[in-house]
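Below, chain A partners chain B and then partners chain C, in two separate complexes.
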Partner chain A sequence: MASQISTAMDSLNAAVKSNIIPNQEYLLQGSVMDSAVEVLLQRLRGLCDNVDSRPETFRDHEMCFSIRRGPPPEQPLSLRVRRALDHQDMPWQLRYIGQPELGDKSRPTIVRSSIDIATSSTVVEFLTELGCRIDFEYIVQGYMFRKGRMKVTVAKIFKMVQVKIPDNVEPISQSYLVELSVLAPRGQDAIAEDMRIFAEQLRPLVQLEKIDYKRLSH
Partner chain B sequence: MQREEKQLDSALEAIILRVSDLKSAIAGMLYKLEHEYETLNWPNFLDNFAIISGHLTSLSKILGHDKAPNMRNFTILPLLLSPEKDEDLLRMTEGRISTFAHDLVPDYLRTKPEPMAEQKMNHLELKASNLTFEASQDSNKQVAQYNKVVSHVWDIAYKAREEWEGEAGARAAQVQTSSSADTHTLVAAIGMGKGLKSDSGPMAQSRVSPGPPGIMAGRSGGQAQAAGQGQIGVGQMGKAPSAIKTNIKAASQIHPYGR
Partner chain C sequence: MGVTVLQQFPMSENRTGPQTIEFLTKRVVALGAVQTGQFLVDCETYQSVPQLGSPKTVHVLHNSEQPASVFAVLESGTKVVPLIADGLFDLLMLKMTSIYTSKKQTKVEAKGPRFEIGDFCVKLGSVTMSQNFKGVLVEVEYRPCVIPGSSWELMREFLQGFLGSAVPNQAPQYLQNRMNEIYQPMDTIQQYLEHFGQYRKSTSVI
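After this line comes the complex of A and B, so read on.
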């Protein structure tokens, strides 16, 4: 765990020194039904790098805060706070996610800006004092895999029945959310092609696609 | 139908012509053999052979022609056999066959197997009838065993096929491992809190209740919509410009993690 933190520090130092910040997230999303998740996990174990041990599990609590930047047509700015429920001693994470760019058909993945930083557990108070309001929260629990620079998560999303008590939860669907993402500096579009090829290997078990957020809201 | 009959007729005519040519060629050669054997020389004899073989070639060409009907598909059916002497038949066959009787018809119309095949059949039948009782029992046993083995192999193959087809069927049925509706639900939930906000509504309201009633009314309206329509609710709430500041203040009050 300490090594992970130092790795994060290393990458931060490297970013500061070279002035290159991995602030673009390349993303593909899909889902797999509960009945088929075992098959998917087996396949991912075969495809990904961290296969010697059991797949890494995680259980996170994510809160989405929003703050108004201006009068109505302006979209509220949202910030996400995430903490690991299974590793209480790990730092919390504050993350900004920009508007996703779908691009045209030639672009294989969604690209959105993403900046994250480790924080202490007082970040919630800090945001509240800034005037942010909690928009929604959920529990995300599942498995993560690594393949080169790509990160794959297979996770169930739970709604919190009672606020502040992460044990009392209920799943919001009969499927696991599957996300394939890479954090990279701006302009490294080659990685998107790798992601497309990787996503092809998971078909037809999972259809990893560019999901249009705007269409979903209607 | 008529066209086919006409074709058959013309083909038959051509064949009969060729056959009579062939016959006369053979007759000519036989005549030479019988009457001129003293003066006959090899080149002459071979010429005759060449003529016969030419006739045979042209006959087989006619039979193999595209437009010629397939003679194999036609059956000759002897309708009446009689032991009486038949003058017409005698004339037609140039004195070779005088009666259309039981002893001749099978040979001429091939109603029995070829002599070679018949000979073989007879041989086998003789062998079978000469077998001793034990030997036949033994072979019967072997046959039974063989049948058993064959049926066993057939069973295995059948089972394997069934399994294979079942597997293929299961795979086809299993194709549905992901649902785009679920994907959309999940993505909308983590992206915009769709379906997650409904519970935060009542909670926020209960917390805000000690606040001023006016603000609360504005808030609860906004929250109700947020609960119903997700992201849109946030925009709606902001439509009351005067409430912005109060909202922020209210948010700080209602915040579940405020301590």
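After this line comes the complex of A and C, so read on.
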């Protein structure tokens, strides 16, 4: 039993070095009107892997936090907490999302760095005491599909009429948000091409694009 | 997973750290314990930068007994908030280095042999703070039971059996406060954190 035990940090550093941690999100987004969602769901059922059963539904509560890392122009660090309202015994999810990189026209998807962490339900109190401020929260409810490594969600966003009470909600629009994403280790750009081809197959029912957040906020 | 008691074993002047571990190893092996590898509990502490307002401290701990988890304990002055997360939480702490800075010189770990003996699991940890030996912590877990109040008497007898008078008759204060609650891995972490705090404050070996 002479073998030396390694620290958790050593194992993590080894995993980082060998590039096996999925820390990049490839993302395309679009939307459809409520009246058109049925057709899109039918099409996705035809294209995706989990077709034999009914599409998987989800209902999540998402809270977006931010913490200032320094005076401007330093960007605040933004953190998201998600919990499944329909599976309350599941771990909560804490997520760091970096600045989206649009890249040039030759790059088919947005790429942003991402760290997904499963946590205990104390995470909201932890972040609050850590010095994070809650910016906004919402309920997202809809359907999830898989196609190989790709994830497709078709979901409606609801605003919460009362803070922290997810029962009393109102839809924020008459449309569904459609997202096509893959979480992968750095440098696996081939997946972006698969996503472009898949997005092509969903046209003209939905147009999945690289959304430029900077243009939206100005 | 059962109830765990963490006990400091006082150092005597005629034994070094490794000699103390060897001395205790002989005793538990004589009782019939079988060594089952090594164990490691480590703790790194982060301090908030002054710009963030009132000072806050985050302790991040790992325990080889729960290798897929990271344990964090946040002390904000008014509250203590525990968090259990998966291994990637360490990457997130690295993203926050401009707000929470690591006090590297206070990095503490307890490391040593792990034994199994019937329903008990015994760990003999030598505690080091940034490579300096600070003392010996003995961890005993009684695995079939998760209620401290129901297992303390049995554990006391077992502990006193091989550690002698170093073990008080009273359960450690931390356990006394939750004798009828269900014991969880975070409770072991909190006990380590308390002991690590004492080693950090002390300037010599204890």
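We adopt the following convention: the second predicted complex is superposed on the first by the 199 of 218 C-alpha atoms of A that agree within 3 Å, B and C clash if a C-alpha of one lies under 4 Å from a C-alpha of the other, contacts with A are read in each partner's own complex, and residues count from 1 in each chain.
Heads up, the rule we're going with is that contacts are C-beta pairs under 8 Å (C-beta built on N, C-alpha and C of every residue); 3 or more make two chains touch, one makes a residue touch a chain.
Source: prediction; values computed, not measured.
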{"item": "First, second, both or neither for A:Ile21, with chain B first and chain C second", "value": "second"}
{"item": "Contacts of A:Pro76 with chain B and chain C, given as first, second, both or neither", "value": "first"}
{"item": "Contacts of A:Tyr96 with chain B and chain C, given as first, second, both or neither", "value": "second"}
{"item": "Broader residue contact with chain A after superposition on the shared chain, chain B or chain C", "value": "B"}
{"item": "First, second, both or neither for A:Thr119, with chain B first and chain C second", "value": "second"}
{"item": "Touched partner set for A:Met9, first chain B, second chain C, both or neither", "value": "second"}
{"item": "Chain B versus chain C as contact partner of A:Glu129, first or second or both or neither", "value": "both"}
{"item": "Overlapping contact positions on chain A, where the chain C interface meets the chain B interface", "value": "67-68, 125, 129, 131"}
{"item": "Complex interface listing, chain A residues touching chain C", "value": "1, 3-5, 7-9, 11-12, 16, 21, 23, 67-70, 74, 77, 79, 94, 96, 115-120, 122-123, 125-126, 129-131"}
{"item": "Interface residues, chain B side, partner chain A - complex", "value": "174-180, 182-197, 199-200, 203, 230-232, 234-235, 238-239, 241, 244, 247-248, 251-252, 254-259"}
{"item": "Parts of chain C lying in touch with chain A, wherever the complex brings them together", "value": "35-40, 42, 48, 51-53, 56, 58, 62, 64, 67, 70, 72, 74, 76, 79, 81-92, 95-96, 98-99, 109, 111, 113"}
{"item": "Chain B partner contacts - residues on chain A that touch it in the complex", "value": "29-33, 35-36, 39-40, 62-64, 66-68, 71-72, 76, 124-125, 128-129, 131-138, 140, 157, 159-161, 163-164, 172-175, 177, 204-207, 209, 211, 213, 216-217"}
